[in-house]
Amino acid sequence: MEPRIEVRALRKRYRTTVAVDGLSFTVRAGEVTGFVGPNGAGKSTTMRLILGLDSPDEGDALVNGHPYRSLRTPLRQVGALLDASALHPGRRARDHLLWLAHSNGIGKRRVSEVLDQVGLASAARRRAGGFSLGMQQRLGIAAALLGDPPVLMFDEPANGLDPDGIVWIRGLMRSLAAEGRAVLVSSHLMGELEDTADHLIAVGRGRLIADTSVAKLLAAASKDRVEVATAQRAEATTVLANAGATVTVAGPETVVVEGLPGDRVSALLTEAAIPFSELRRHRASLEEAYMDLTRGAIEFAPETGAPATERSVR
Amino acid sequence: MTARESFPRLLLAEWTKLRSVSRWVITLLGAAALTIGLSYLAASGNKTNINEHADFVSGPHGEPVADAFYFVHQQITGDTTLTVRVASLTPEPARRAVRMGSDQMTKLEDPSPFAQPAAGIMIKDGTQPGSSYASVMLTAAQGVHMQWDFDADRKGSARSGARWLRLVRSGNTITGYESADGAAWQKIGTATPKNLPSTVEIGFYVSSPAAVYTTRGGGSSSVGDRPTSAQAAFDNVQLGSGGTWHGESIGDNDRLSEKGGVRGGGRVTEANGTYTVVGTGKIGPQPPDDDMLEAALIGVIAGLMALIAIGVLYATSEYRRGMIRTTFAATPRRGRVLAAKAIVLGTTSFLVGLVGVVGSFLLAIPILRKQGFTPPGFPRPSLMDDSVLRTLLLTAAFMAGVAVVGLAIGVLLRHSAAAITITIVLVLGPLIVGMILPGTSPKWLMYTTLAGGMATQRAKPPTITLAEPWAMIGPWAGIGVVAAWVAVTLGLAWWQLRTRDA
Amino acid sequence: MMAPRPLRALRAEWTKLRTLPSTGWLMLLAIAGTVSLGCAITGSLEYAHCESPCTLDLTKLSLAGVRLGQVGIVVLAVLTVTAEYSTRTIQPTLVAVPRRLLVVLGKLGVLAVLGVATGVLAVAGSLTAGRTMLPGNGFTAAHGFPALSLADDLTRRAAIGTVLYIGLITLLGAGLGLLLRDTAGALTGAFALLYGSPIVAMFVSDPRWQHRIDRFSPMDAGLTIQSTRNLAAEHIGPWAGLGVLSLYAAAAVIAGLIAFQLRDAG
């Protein structure tokens, strides 16, 4: 069976707050699925529910078709990085992986392999209490990789990593997906997922906002906008606006034109004898696309709009 | 500059930290509730029948006393003066150890001036045991004393050997004198006994308190006593109006047995103006060892545990998530932070402890009174009694002190489990070990460890006849030990805060 | 090929405990505490100061150090459970072994084995110390005190019982840890349970109450099995006393287990 995570109508309430409210989605093999939403949107809770750490009030979460708690060797099926600081400070890095390995019948050799893989081989004999945030993160990733699992979940994996580390973890996730694994990565920063995620699941206040491929999302966000580079910005704006386009300023010599096809823009500018050095289709960043999405989330948080989502969900 | 002057603000900050953790507030309230609850529940575990078959008589103030001796006396009315010379006093040598039943018992040395074999002269309100008196006496080992009404004692010279003694009655006061030669007299003291009618009994007497033998250890204690006797020679007996001397044993003669003392309670023989008197018995306070207040405060041990946990966590929680860096960034002078913490915690714990002990007192005393803790063996305690106030305040201070020691050890070790364990062991360990250790050896544990603070719960004077080791030291010694621990551990914590990185 | 799940869980818990330096230190503390208090007590006894017939229970006195030494093992048991919560390693633990019963059984199994091992060493050390020191203080066979020996039925029973006692308080501590999840609370509770009742018994003067407290306090009832003389004076039978302690341990473990099954991982 193809590795996957399925979440169906999941609901979890802590005392008075509903952390996850009827969430359904599927994480498929061979893709990096980004799991996005503001802090407190219910991402970590969803991951805890998938891992059987907390019990859902309603709905269920299946890993490769089974509830997590029924797995006989869970680390060989799912690798998870939830809270990298969940380490006993008195235990050596290698020993932390060793007991995890023992619990799932994984050999000692594999422990050394994953330590090498995350670049901690030289720190293997050091006690975890002395680790920096980045080293803890690498150790947590090593623990996730330990059982060579077909499904991986990372909760904010870039936390505490230096720029080199961030590049490394992007490459790691891409290669894990390329090997045919299902990879779920949560983040509250869109930039981290740029060029990494193939698919995006966006949540706000515990509910699903979007479940879409990144390519589609970007295409939708880019719409048919055209970017024009010109030294005569003001004149260009007047001409294009008179022709019925919406023009926004995007830089000192750049405007973005919406509502007119590219060749029409080119013709209008040439006709008005306004010189321009470049004219290309505008490609939205993931950040922009996400902002569009969360603006759509206003219906969930009518009081103050998107940023309020973060506060009100806590 | 302004920040430096704001110690009250620092106190407020630390108080906010303490009260804003709801778990701690619940534990603090729980400490008082545990104290009161356990005291209330366990009070019914104490029962006494001491008033039913008492080994004491009631003194002039209704208090339990011993009043037994051999009295050679006559009746006299109005102001008078009696002078005698005690030529010799020979106490019966007491064995240091005896067997009673299956127990090996050792003699309890009681240093009280009321517990010494003595020969002296006395003015007494009749021959009824427990009646008012005043006396001057030569003791076997503690020199000359003047005593009255079973609790007042004035020390005279420390001489032993032959001694002249004199009592002068003038109206309601009796003055005692002593002299080496019968010529130069020194005043010892002036007594106003509670009941002094114009007609009283006057004369000379010999007393010899029973030797008390105890064994303790292995968690229990037992006490037994054997009567003893003493012999004294009196000469130069001078009384203003010379009547006939009449020898009589005062008090309970039944206790005199073949094992010691003398049959009939004593005797007197006279030859050439020298009276040889053999006597037995004790004149003095005879309170039961059991301490009613202590029995009402059983729950303190439970409240103490909760306060230790709070004290330690108040320190170690700062280190757990690196909050201490925020704290020290806000107040770089670390000693002041520690002082503020200690003051806030100490005050809070003291108040919690006070609520606990006062609550225990109010709830447990009525139960104890139903179970035999009644006068005369146990006078009714009131919150306004000196000894009750002292006990309740010192016990609350003890609880606060232990909480602060927990705080200091928490700062020193930065590890909750270690600090809690060490503090609890410092309090409870010596008690457990002290129960097992025989004799008076646990006394030194009480003088050196936090367990000594348990002595604050006793309203009565120290004794070694009880199983509980803390009864061996006095309440002030107990609180002193705790104060020393507070000072030393806070000092070490302060020193460490200064020298070690946060 | 692969070990069955319970064994894997046991092995993981063993690796966890083995790789923490505190485990060894706490066991050492327990052993040293027991033996040194035992030595202090036996060293202070002198036959010459004990008038005949001397009825001292030398086995019991030699093993009395366990009342202090148990502190180390209680701390070990409580911390093994509660440190998982304070360091949040309970998350990786439950991710690796989602069946919670297996986690608990693995922990309890390893702790019980460590407890018993500690007990064996502590008892052996205490009895050896007693056997070596007591004849020098006049407690010789000629005086009616043969050297302490496991060949003696009652001494053997005391030794085995003390080892079991330590095993049981290990479970008691772990159970309280599971129930309360909090180091401070569980430790305080465990010490209050063990030491509280003998101290309350000291306060209480009514013999019937003392009898009740001694019968039902986990430490006093559990250590009754150390007695080898004057057994009639004890408040409870030796095995019944260990039974009382077992009930406490079982209650704590079962309550802890139920709480662990029902609650979120924390």
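Should a chain be cited, it is by its letter among A, B and C, assigned in written order, with residues numbered from 1 in that chain.
In this text, a residue touches a chain if its C-beta (ideal position, glycine included) is under 8 Å from a C-beta of that chain, and two chains touch if they have at least 3 such contacts.
Remember, predicted model here, so these are calculated numbers, not experimental data.
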*Could you say which chain's mean Cα position falls nearest to the mean Cα position of the entire protein shown?*
C
*Where the centre means the average of the CA atoms, what chain is farthest from chain B?*
A
*How many Å are there between the centre of chain A and the centre of chain C, using C-alpha atoms for each centre?*
51
*If you average the CA atoms of chain A and of chain B, how far apart do the two points sit, in angstrom?*
74
*Please report how many Å separate the Cα centroid of chain B from that of chain C, as a whole number.*
37
*Which residues of chain C touch chain A in the complex?*
2-3, 5, 8-9, 11-16, 19-22, 83, 87-99, 264-265
*chain C touches which residues of chain B in the complex?*
38, 42, 44-48, 97, 99, 102, 104, 219, 290, 294-295, 298, 301-302, 305-306, 308-309, 312-313, 320, 371, 416-418, 420-421, 424-425, 428-429, 431-433, 435-437, 441, 467-468
_Touching residues of chain C toward chain B in the complex: what are they?_
37, 41, 44, 50-51, 54-55, 61, 64, 67-68, 71, 75, 78-79, 82, 86, 183-185, 187-188, 191-192, 195-196, 198-206, 209-210, 213
*For the complex, which residues does chain A have touching chain C?*
48, 51-55, 68-75, 78, 80, 82-83, 85-92, 95-96, 98-100, 102-105, 143
